[in-house]
Amino acid sequence: MLSSISIKDSGGLVVELIDVIRENRAWLSKIDGAIGDGDHGINMSKGFTLAGGKLGEPIPPLPDALNILSETLIEDLGGSMGPLYGYLFSSMADELEGQEKLDGDVFGKMLHAALEGVQEIGSANVGDKTLLDTLSPASEAFDEAWRSGKGFAECLEVMSLAAEKGRDATIDMVAKVGRASRLGERSRGVLDAGATSCCLILQTLAKGIRQRMGA
Amino acid sequence: MLSSISIKDSGGLVVELIDVIRENRAWLSKIDGAIGDGDHGINMSKGFTLAGGKLGEPIPPLPDALNILSETLIEDLGGSMGPLYGYLFSSMADELEGQEKLDGDVFGKMLHAALEGVQEIGSANVGDKTLLDTLSPASEAFDEAWRSGKGFAECLEVMSLAAEKGRDATIDMVAKVGRASRLGERSRGVLDAGATSCCLILQTLAKGIRQRMGA
Amino acid sequence: MNRIFNNPDFIVEDAVRGYLKAHPDILAATDNPRVLRRPAAPQKDKVGIVTGGGSGHEPAFLGYVGNGMLDAVAIGEIFSSPSAKAFHDAFIAADGGRGVACLYGNYAGDNMNVKLAAKQAAKHGLTVKTVVANDDVPSASKDDRSKRRGVAGEILMWKVGGARAEEGADLDEVIASAQKAIDATRSIGIGLSACTIPAVGKPNFHIEDGHMEVGIGHHGEPGVAVMPVKPAREMADLMLDHILPDLPFEKDDDVAILVSGLGATPVMELYVLYDRLAEVIEARGMKTRHLFIGNYFTSLEMQGVTLTMMRLDSELDRLLAAPAHSIGLTRV
Amino acid sequence: MNRIFNNPDFIVEDAVRGYLKAHPDILAATDNPRVLRRPAAPQKDKVGIVTGGGSGHEPAFLGYVGNGMLDAVAIGEIFSSPSAKAFHDAFIAADGGRGVACLYGNYAGDNMNVKLAAKQAAKHGLTVKTVVANDDVPSASKDDRSKRRGVAGEILMWKVGGARAEEGADLDEVIASAQKAIDATRSIGIGLSACTIPAVGKPNFHIEDGHMEVGIGHHGEPGVAVMPVKPAREMADLMLDHILPDLPFEKDDDVAILVSGLGATPVMELYVLYDRLAEVIEARGMKTRHLFIGNYFTSLEMQGVTLTMMRLDSELDRLLAAPAHSIGLTRV
């Protein structure tokens, strides 16, 4: 089992992201429907599908693929998801610059950059019932596992579990930003849509990287 | 038991008409709702109530009271009921001109005049599922009973029954005029609203005249 | 029923009061609370243009009172003809000494009340001539055109009659132009959901969810077919299939188009429909010289749409282009 | 859901095509299918006026492109912010060399996308300044005004900004006037029924039959109170109770009033409401100098109404009175 993957050859990870979002279109919209306006799956699927059409063949290297996804979201999608996920993916891509291998060090930095990017553009805080509530604990768990000396593959596994726990923790939160925030206490009791899509994205990345490492 | 009533003293008949229409506001609208637009009771009640406010005290003689009702309907009510019932009542009033007593002869003429008035303005035919289908058999039945030598009070009784039968016969008819006609075959199976209000009117007149004669 | 009114029996009165407060430059009161007029009416030596009809179709009918349009309007209860007296008083409010053209829609109540009112007016020596709009194609067969209802085509008829009167034409000329206008006009509606008269409190007809009613009338009068909702393009084609052959509209015709929402259909959807209508009309070699899209003739909160087309000659073209200023339609 | 569309995912595209076909005199295409402009834009030496927002609010936003109003508009999906690229391309379409004023509403997506687009524009040396409308009183407390949403007050802000730019003002002057306009403007909405985004297929919120939601937002954002439907007069009083003290509006103020239906409320009911609004506003000693009643800023087929009031000084009064010509608002 490897402990890193080739950045140049891993653009396919973005294809996997696109697929997972498209597959979960209805589910994500349904979750958004409970306390939002029911279009999260529609929005995400539209943006990711558009990006899919722009990737081209052969699939470009991972940073280029991430940037194509980011630009498509920012330029063509609009809404909140365009800028938020757009920044998330371009921030990740920035960390790959000058690197050849994606290993635990680099991946940890990607998560940090993603978190900062989303916070910068969206000005939300952890606990506000947003995708940050998946991203932030996932990033922390990864850091801790990596610092404690676990292997990259195992750290990804830890992160996936933390992302899921983070996502599920949004059930008990009251939304502070976005449409759902208008509901106040009534927003408690259901998943946050963005936290759910973010969990799908992180888990798909983890799974894709692990597979490429032969884990 | 008398065989006629004083025309001068019977303006109260119009008050009774107003009352019965107001009492049946909801029922008439409900019937109209099945194949029409559900406003027959509202329309009738509005027009008759307005007329009630114009009758004044003491109640004027019957022809004047009928003319006040007629003018109110024609001038203020609009819709189809304004002209149709407006003409019906003014045609009835015309037959009272120069008379002192309302007896079987005069009442028979009133029914004829009413029928002609409604037909002239509305150009509908018997069998079209309208108020004519109450008025026409009622008038015929009255004529026949009167010609056969029955007393006025009994003739009124006969007429009331015929009005009811006429009204009920509209259930099996297909509407040929008015809003319900747009339904074609689908208009079959329910009462006609106008036939129902017309039956109430004729029966209330009959009952009021009979009471005044001491029958 | 979640609606805005006080006593539902007086919703028309309340609305008319609101209209008068809102538009003192366009609408003036008369002694009859059910009759409104242009502030300048009666205008000496101009043929008066009058219409009237039930309420609930706003901006029709009162919204088309204004310069170059109607001089006076008779206002009925919701979906119910104005009284004969209201029509009569509207005639008087509009009469500038050259007679009155009453341009109205083919409904039983309106026919009766206008007839009574015109008789009454004749007694005072006021000449009233009428044109009865019957543009609604699905409401009766072509052989039975006199039975067809009048729908949104009335607006174009008022525009033509109003402009002709403004030109100084006499009563017969105004009547002739208005008659020509409606004879050259065809309409069709598609209903998507029902509506509720506040005083009644529940819908007086029903359209199954996921279905549409082709040829529905302005008060929910049944149409010619109920079918599952079609994509906008097919709706457009269906509407054109009904009205194009009826006149017929043909290659090289100049036309005016009016696409009106029935009240609750989002305006963007009218444009989705128009996108296809324009495509077909252009492909058939017709030229659209006047276009109106919006809620021009509604039916309370019904969902759905009506399409109206008029074939133009140079006179109709000129009269549609003439200036007009009313709440519902303005041309500069 | 009985609505008019083809593929619901492309309803915006279809509608925009229809708008372009219908109004070639008012709207022109750009290279970006989500950006429309005035045919005369960019107009040399005039400050460009831009807005943008989600679709489903027609005639907002694209219906306010026109002379004396907006130069270009960025168009989003239904109820979703346009992309940063659309805003950016709208800036370019509007830029006549004196900079661009982006006058938009306070929504998270719009804020983010405008921010990104303005950054991008700055890189090319194009100056974009912004005013964020926050006229919706119930959406946040007075101390938290920066959190309030923008609603129909945006229309008055565009009118003011557009007229000021037309006068030849520079970017800072336009921004100052638009900011003054929105600072003097307060709105409140009452929702009576929900609406459905075609691609979603079912309402994304719910109002119990017989109930109304006071302070509802333009996308159904929850209001401050849900209660049984009140008579129109009480609705009017409730709305005024929320907005009059907030500015506050006071005796002898000159005001502009905008009463907008949310899409499916019959227009006559807006006038029933206005009848009472006018009564109170007059009784409080205010003078209504500009009045707009109709479906000016809608939310698909929602039932309900918004009330917007602006306190005027002589500048705002002059700018509101200036000529304008757009689909949604025309002044001659």
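Here are some notes:
Labels for the chains are A, B, C and D, by order of writing; each one numbers its residues from 1.
By our rule, a contact is a pair of C-beta atoms (placed from the backbone, for glycine too) under 8 Å apart; a residue touches a chain by one contact, two chains touch by 3 or more.
Bear in mind the structure is a predicted one, so any value in this text is a computation, not a measurement.
Graph distance from subunit B to subunit D, where chains that touch are one step apart, equals 2.
Mean C-alpha positions place subunit C and subunit D at a centre distance of 30 Å. A straight line joining the Cα centres of subunit A and subunit D is 34 Å long. Centre-to-centre separation between subunit A and subunit C, using Cα means, comes to 56 Å. In terms of which chains touch, the assembly is arranged as an unbranched chain of neighbours.
Contacting chain pairs in the structure are A-D, B-C, C-D. Of all residues in subunit C, only 1-7, 11-12, 14-19, 21-22, 55-56, 58-59, 192-193, 207, 209-212, 229, 231-233, 235, 263-275, 278, 291, 293, 295, 298, 300-301, 303, 305, 330, 332 touch subunit D in the complex they form.
Taken together, the subunit A residues at the contact with subunit D in this complex read 29, 33, 36-39, 42-43, 46, 74-80, 82-84, 121-122, 177-179, 182-184, 186. In the complex of the two chains, the subunit D residues touching subunit A come out as 9, 54, 76-77, 79-86, 108-109, 112-113, 115-116, 139, 197, 199-200, 202, 204, 217, 219-222.
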